[in-house]
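Chain naming follows the written order as A, B, C and D, and within any one chain the residues start at number 1.
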Amino acid sequence: MVEPIYIVASGLGIAFLLGLFRKTGESLPGLIMLLTLAFMTFVSGQWLISLMFEGGTPQYTYTAGFKPPFSINLLMGQSEAVITTMVNGVGLLGGLYLLDRLKAQGVNSMIVFLLLFVGLNVVVMTRDLFNLFVFLEVSSVAIVGLVLLERSTQSLSAGFKYLLATALISGILLIGIILIYQYAGSLYIDDLVRANLTAVKGGMVAVFLILIAVALELKPFPANGWGLDLYQGAHPGLGALVSGGFATAMVFVLYKLLPMAGGGWQYMMATLGAVTFIGSNLLGIKQGHAKRLLGYSSVGQIGLLMIVVGLSQHLGEALTAIACGLLVSHFLAKSGLFWLAGIIQKDGLRDWAVLRKKPFLLVLFGTFIFALVGFPPFPSFFAKWELIMQLSAAEGFAWAGIVLFGSLLEGIYLFRWLGYSIKLDHQELPSFRLPWQKILPVGISGVALYILGYFATPIASGAGSLSYLPLAFIVLVFLLDFLPARVKNVLSLAGMAFYGYMIMPGLYENDGLRFLFSIIFVIGGILTLLPGFAYTGKRRGFYPAALLMFAGLGQLLTAETLLQFFFAWELMTVGSYILIIRGKRSMRHGYTYMLFSVGGAFLMLAGFGIAYATSGMTSLEALGQVTQWAGWASALIAIGFMTKTATLGLHIWLPGAHAEAESDVSPMVSAILLKAGVFGLLLLFISMGAESAGSKPLFYVLGWLGAITALIANLTAVFQEDAKRLLAYSSIGQLGYILFAFAIMTHVGWLAGFTYTINHFMYKAILFLVVGGIVMRLKTHNMYEMGGLIKRMPYSFIAVLIGIIALSGLPPLSGFAGKWLFYNAGIEKGWYLQGGVVFFSGIIAFLYLYRLIHSVFLGQLKDRHRTVKEISPWFLVPAYVLILGIMAFSANPEWFLKPFGQITAPYFPDSQLTWQSDGTAVGQLGYWNGTQVMAIVMALFVAITLWLIMLNRNAKKVKQFNIVYAAESPETPETTHISYNLYAGYNKALGVLTRPGITGLWNWISEAVTELADQVRRIYSGNGQTYVLHVLTYVVIVYLITTGGL
Amino acid sequence: MEQIGLSHIAITTGILLILTGLWGILTQKNIIKMIIGFSLFDTGIHIVMVGVGYVEGKTAPILDEAVQLKEAARQIVDPLPQAMVLTAIVIGIGITALMLAYALRLYQKNKTLDIQKFNDLKW
Amino acid sequence: MLKKIFTAAVIVAFAIILLKGYGFSGPDQQLNEVAERYAEKGPEEVGAANLVTAVIVTYRGLDTLGEVTILFLTASIIGFFLKTRREDLTAPPQVRKTSEILSTASRIISPIIFLFGAYVFINGHLTPGGGFQGGAIVASGLVLMLLANPLKTVNHKIISVVESISGISFVLLGVLGLVLAAGFLDNAFIGPGRFGSLISAGAIPIIYIFIGLKVGSELSGIVSNLQETQKEEI
Amino acid sequence: MIIKIIAIIIGLAILLMALIAVYNKKLIVAIVAAGVVSLFASVMYLLLSAPDVAMTEAAIGSGLSTIIFFYVVNKIRKNRKDHA
């Protein structure tokens, strides 16, 4: 083992040595510098391995061999090893990244670079307060020096402001140190922790000054203008070092020094962190400059870590894991982002669209963004989970709320940024150079995030046997992304089939409910992947995303613990987000979808926190064991799920997302993805129980919500001109039915719910597949630009016809079964009014469904569509498979409803449906025989069809432009096409209900937040003197708050 | 007068000097003046530090004929704050020099020493 | 104006915090544990008559190393920050002629100042003074030379070689302490000598010489760089 | 007793010089005043039995520091003249 002091000695010695190389050229010194950093990394890494995995003992180094407090001592313990390894690692990678800059500036700049890391290492290891001050100065001065790697006026003024502020801060620290020495007679941190200085009046001030100085070094909002200017003005390579290296070390210093103060002070620090986390992320929303935005985000993340450190007494043993998880994610992601900023050299967020030129950089960018917000499989996900769980367990719900709210704010600007880079239309996308020494650090950061994420899994309670097998498969597909789409499609189908083979038999044996959903998720997945064969080219990124979504969906079913469930949920979100944003005009919709998903997921997480806290369990059963705040937990979780089911108020992401998605993505997200929300709600409902206290009002509210959602959504669907948008609104409405049915919480209600769930899956998939296929052929979504397609696309016509009959709930098809059960259940429950609303919305559904046939397939064929071909068989085949399903359901409902009954029976044993031997179902209010109805209607249908064909013989054929019969102008269909604004009359009467009031509300909220951010950020006047005043004022105000007066 | 120790006088002077320095830093628009303010601020801190280490009526921590080895602990003032101040003074000049170098370059770039004029980075 | 009042209020509040922190209790009567131990054991453990030196070089040697590092850093930063353009150096300088008296005096006095500086840092373990003070004095000698003859450019090569060699030696001496004696920067790997004499206190005089040389060269470097700086090289 | 009175006088001198340093319009005067503050401070250190610190303050605080200030201000002036 190499003594830790050699980290310092080698760094310093080599730095001094480099002074001799000033005139000899820059290549050799550059190499020496990197080798030294590598050596430092090696030493600290060696200690890391020894202390973490081999049970090594911490190593103290005393100057001149005297024991503290008489000498300075350095400690290399577990946490020190972790932090120094991180710091040195970023030094090594950052040095490589900046090498060309450093060479251009000469050997002196390399000396400065090296000394920055010597300083940080000592800051981390030292146990002496004054020594900490000295080496903190070394680091700060080195940073000020490295600012000069860029010689613009901006970076000069940024460096000067930084220098002013840090000079004041270190002065405050020095005053604190001398006061500490006065009261404690020692500078040894362990002595000071023991001395209980806050009990003495002056000692309290001393401790306060030390801690506030350390806090200020973390650049707390709002006294951090100088730090933000540095991030913005300096070379991004330095930004990475400050954010990844300096801030990391300072968080550790805070952790090291905070025990000097008592409990109340720790809350103070957590409060400062909370203000920083929320404030900084709020201001990020308005920020358009990439590096400054990264600055805001860095500061915010450090605020989060301040919260964690401040609340350490509540986090118990999990503290280290949580802090490390957050720290390492932030460290890797933020350095990576700064390095990326340096590579593409664009300041405007919108200009990051150039990343699209290099897909692997885009992937890395996405990785960093997801890691920052805390998505799986990154360490931050597990850390954030555990943080929320532990905070909840300590009943710190407000803190948990703050953490989640701040994270949501962060998500707002990070995902907008990601959206720009994936999709923003950009005039020109200039290419940029990619030197290997710049790519390498970014790549390593990205890959390290995945690897560490894998190893960080046990941080979180309830991780259990989290399966990474599907993820490994996705990584494989991702690596094969260069292959043609068809090959990848085969591979994906094979993967899905194998996955289904793995999980479905087990579910079939044990759990009907999950088996039912596995049919939707896995079989549905396979069917909706088939249309992929219709695409040519590579479809980069499609398959990993789709598989990610399906893996998430599948793992929802196999999850046994809360964490596994949440993990799967987030995977599904990531996958579906990428799928959705792939659409041509989907940037905004993908963004909205992501925000609602993140917000919903955080509410869910909060609910899970309550469940974990009150039940003490990590398994999914915890949801049923909530002893306290049950109403809160249920409501939070329910809202979380309802963001996926797009219940009214939380639906605004859906129409755009589904309508603009690619033709084969729409059925995936509409027919399948939404069911994840339904599944979640069912789990919740089951664990809540119909009769438990507090549940009833919730179900009542949910029932109404479902009914109103159905009404408004169906009504809105009626007025759509865009076929896919129409189907999207229809989905919202259908999900409203499903919510309503399940909220009834009776046996029959649930049967209705299941019937709707499976049927909506089938017919919505059919409709979206066929309409998607048509859109692919015609290149338009607008129904008034279609028409007469029955002649060109007869098979599509039949599929849509069957789809809408099923959807409308007319006998004989399966939709009728749903309706019948539905009214039975509603009446039985006594929900007449709600039932009436639902009934009314069912009638409205006819209006829009009619349009799908009338405007698309009937009428006159457009001139330009005269030669259009039938839609691709790859769309038709899955649609017809699903039609078979509908037919089977319709012909013999017993096959389906009986298993549904079995699923439902354990939860609602009363008032079950009874089945007679001829397949007649008997409920409380009547009976119904699907097979007979089917037979009769089929007979009628055949008869009528034959009669029509007979009549057709006498029909008179006319030319299309025979004006007597064809009252339309094919040139400007908008104005004269009969199907344009078909329901204008209804719109006058009922349109008021479809005014986007909710959208307006959300818009208003978003504008208000943005405006607030814009106002608040004006405190950063850019004047260095004002920044210094901010720092001093911050000290005074925090003192006033802490001590309650002067 | 008996109640007031030499260290009290020094520390009061030091604190007032700190405040004067801060006032200069926060009110002077000229960058050079601000730097002077910082140098006063630093000197004030140093005086406070030495004042804290002072023990009434004792001699410098240098052992020679005047200070017997055995008696040392009862005759000298605390050497540690002095050592810290030495370090702090040297650090201080480093920072001052750096600030001045910045001031020089800032002037050469913008032809002004007014701190308010360097606000192109904000918000 | 409002801002000034606000500033004043903040400073007054800060003053109150400081006064509370100091507390103004009665005058200290005795040393705390740490200082007492330095006083009692210092001469024996370290061998330096000047206890401040003992603390600086040995007990808290790492601080000193850090401090030297900061100066080194500053010198390096100013070095690459104010890099001079070649043509500026060759351009005819427009400097006033210095008086004959000053240049003559500097020729005589400068070496004396250098000698005095050296004396101060060599005797640092016995009398007041040491590496920093000596180094600063050496640098002032250089300033005098520059004042007397502004055209004379200081030989950076020598400065930087002295700076580096003394820095490395400092670190190496520290490591020698680790290898040969009790710990990093332990001065005891050289015999203690007779207490109070020049050759005593183990390696302290040697370390202080290097500190003195280093501080002197660093300060000289800073001063000469500031003196020579021209328009920025872009 | 005498020492305390001297200390008070020096303290007042320090503060007076500091005010001059902050408020005098002429940079040169301000710099000299700041140098004098350091010089008085080093006397204060002597009174406080800190000869080491006193030497350092005298050499570095009032000596070198002032010189560096001068150099820079000179440069700036020359620059201004060159420009004008």
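The definition used in the following text is that a contact is a pair of C-beta atoms (placed from the backbone, for glycine too) under 8 Å apart; a residue touches a chain by one contact, two chains touch by 3 or more.
Given the structure is predicted, the values throughout are model-derived calculations rather than measurements.
Enquirer: State the pair with the higher C-beta contact count; candidates are B-D and C-D.
Expert: Looking at B-D and C-D side by side, B-D shows more C-beta contacts.
Enquirer: Go ahead and note the Å separation of the Cα centroids belonging to chain B and chain D.
Expert: Spacing between the chain centres: roughly 11 Å.
Enquirer: Using mean CA coordinates as chain centres, what's the gap between chain A and chain D in Å?
Expert: That pair's centroid distance is 59 Å.
Enquirer: So what's the Cα centroid distance for chain C and chain D, whole Å?
Expert: Computed from C-alpha means, the inter-chain centre distance equals 18 Å.
Enquirer: Report the inter-chain centroid distance for chain A and chain C in whole angstrom, where each centroid is the mean of the CA atoms.
Expert: That gives a centre separation of 54 Å.
Enquirer: Specify, in ascending order, the residues of chain C that touch 2 or more different other chains.
Expert: Correct list: 7, 10-11, 14, 18, 22, 32, 34-35, 38, 50, 52, 60, 63, 66-67, 70, 73-74, 77, 81, 128, 132, 219, 222, 226, 229, 232.
Enquirer: Pull out every residue in chain D that's touching 2 or more other chains.
Expert: Chain D, residues with two or more chain partners: 51-52, 56, 60, 64, 68, 72, 75.
Enquirer: Which parts of chain B, given as residue numbers and ranges, touch two or more other chains?
Expert: 6-7, 18, 22-23, 26-27, 48, 52-54, 60-62, 76-77, 80, 82, 84, 86-87, 89-91, 93-95, 97-98, 100-105, 108-109
Enquirer: Which two-chain combinations touch?
Expert: A-B, A-C, B-C, B-D, C-D
Enquirer: Under the stated contact criterion, what part of chain C meets chain B in this complex?
Expert: Answer in residue numbers: 4, 7-8, 10-11, 14-15, 18-19, 22, 24, 26-32, 34-36, 38-40, 42-43, 49-52, 54-56, 60, 63-64, 66-67, 70-71, 73-74, 77-78, 81-82, 126-128, 132, 196, 215, 219, 222, 226, 229, 231-232.
Enquirer: What does chain B use to touch chain A in their complex?
Expert: The touching residues are 18, 22, 25-26, 29, 31, 34, 38, 41-42, 45, 48-49, 52, 80-81, 84, 87-88, 91, 94-95, 98-99, 102-103, 105-106, 109-110, 115-116, 118-123.
Enquirer: What residues of chain D sit close enough to touch chain C in their complex?
Expert: Interface residues on chain D, with respect to chain C: 51-52, 54-56, 59-60, 63-64, 67-68, 71-72, 75.
Enquirer: Enumerate the contact residues on chain A facing chain C in the complex.
Expert: Touch list, chain A to chain C: 3, 5, 8-9, 12-13, 15-20, 22-23, 61-66, 69-72, 74, 105-106, 108-109, 111-112, 115, 118-119, 122, 126, 128, 130-131, 134-135, 137-138, 141-142, 144-145, 148, 151, 175, 179, 182, 185-186, 201-202, 205-206, 208-209, 1029, 1032-1033, 1035-1036, 1039-1040, 1046.
Enquirer: For chain B, which residues count as touching chain D in their complex?
Expert: 1, 4, 6-7, 9-10, 12-13, 16-17, 20-21, 23-24, 27-28, 30, 32-33, 35-37, 39-40, 43, 46-47, 50-51, 53-54, 58-62, 76-77, 82, 85-86, 89-90, 92-93, 96-97, 100-101, 103-104, 107-108, 111, 113
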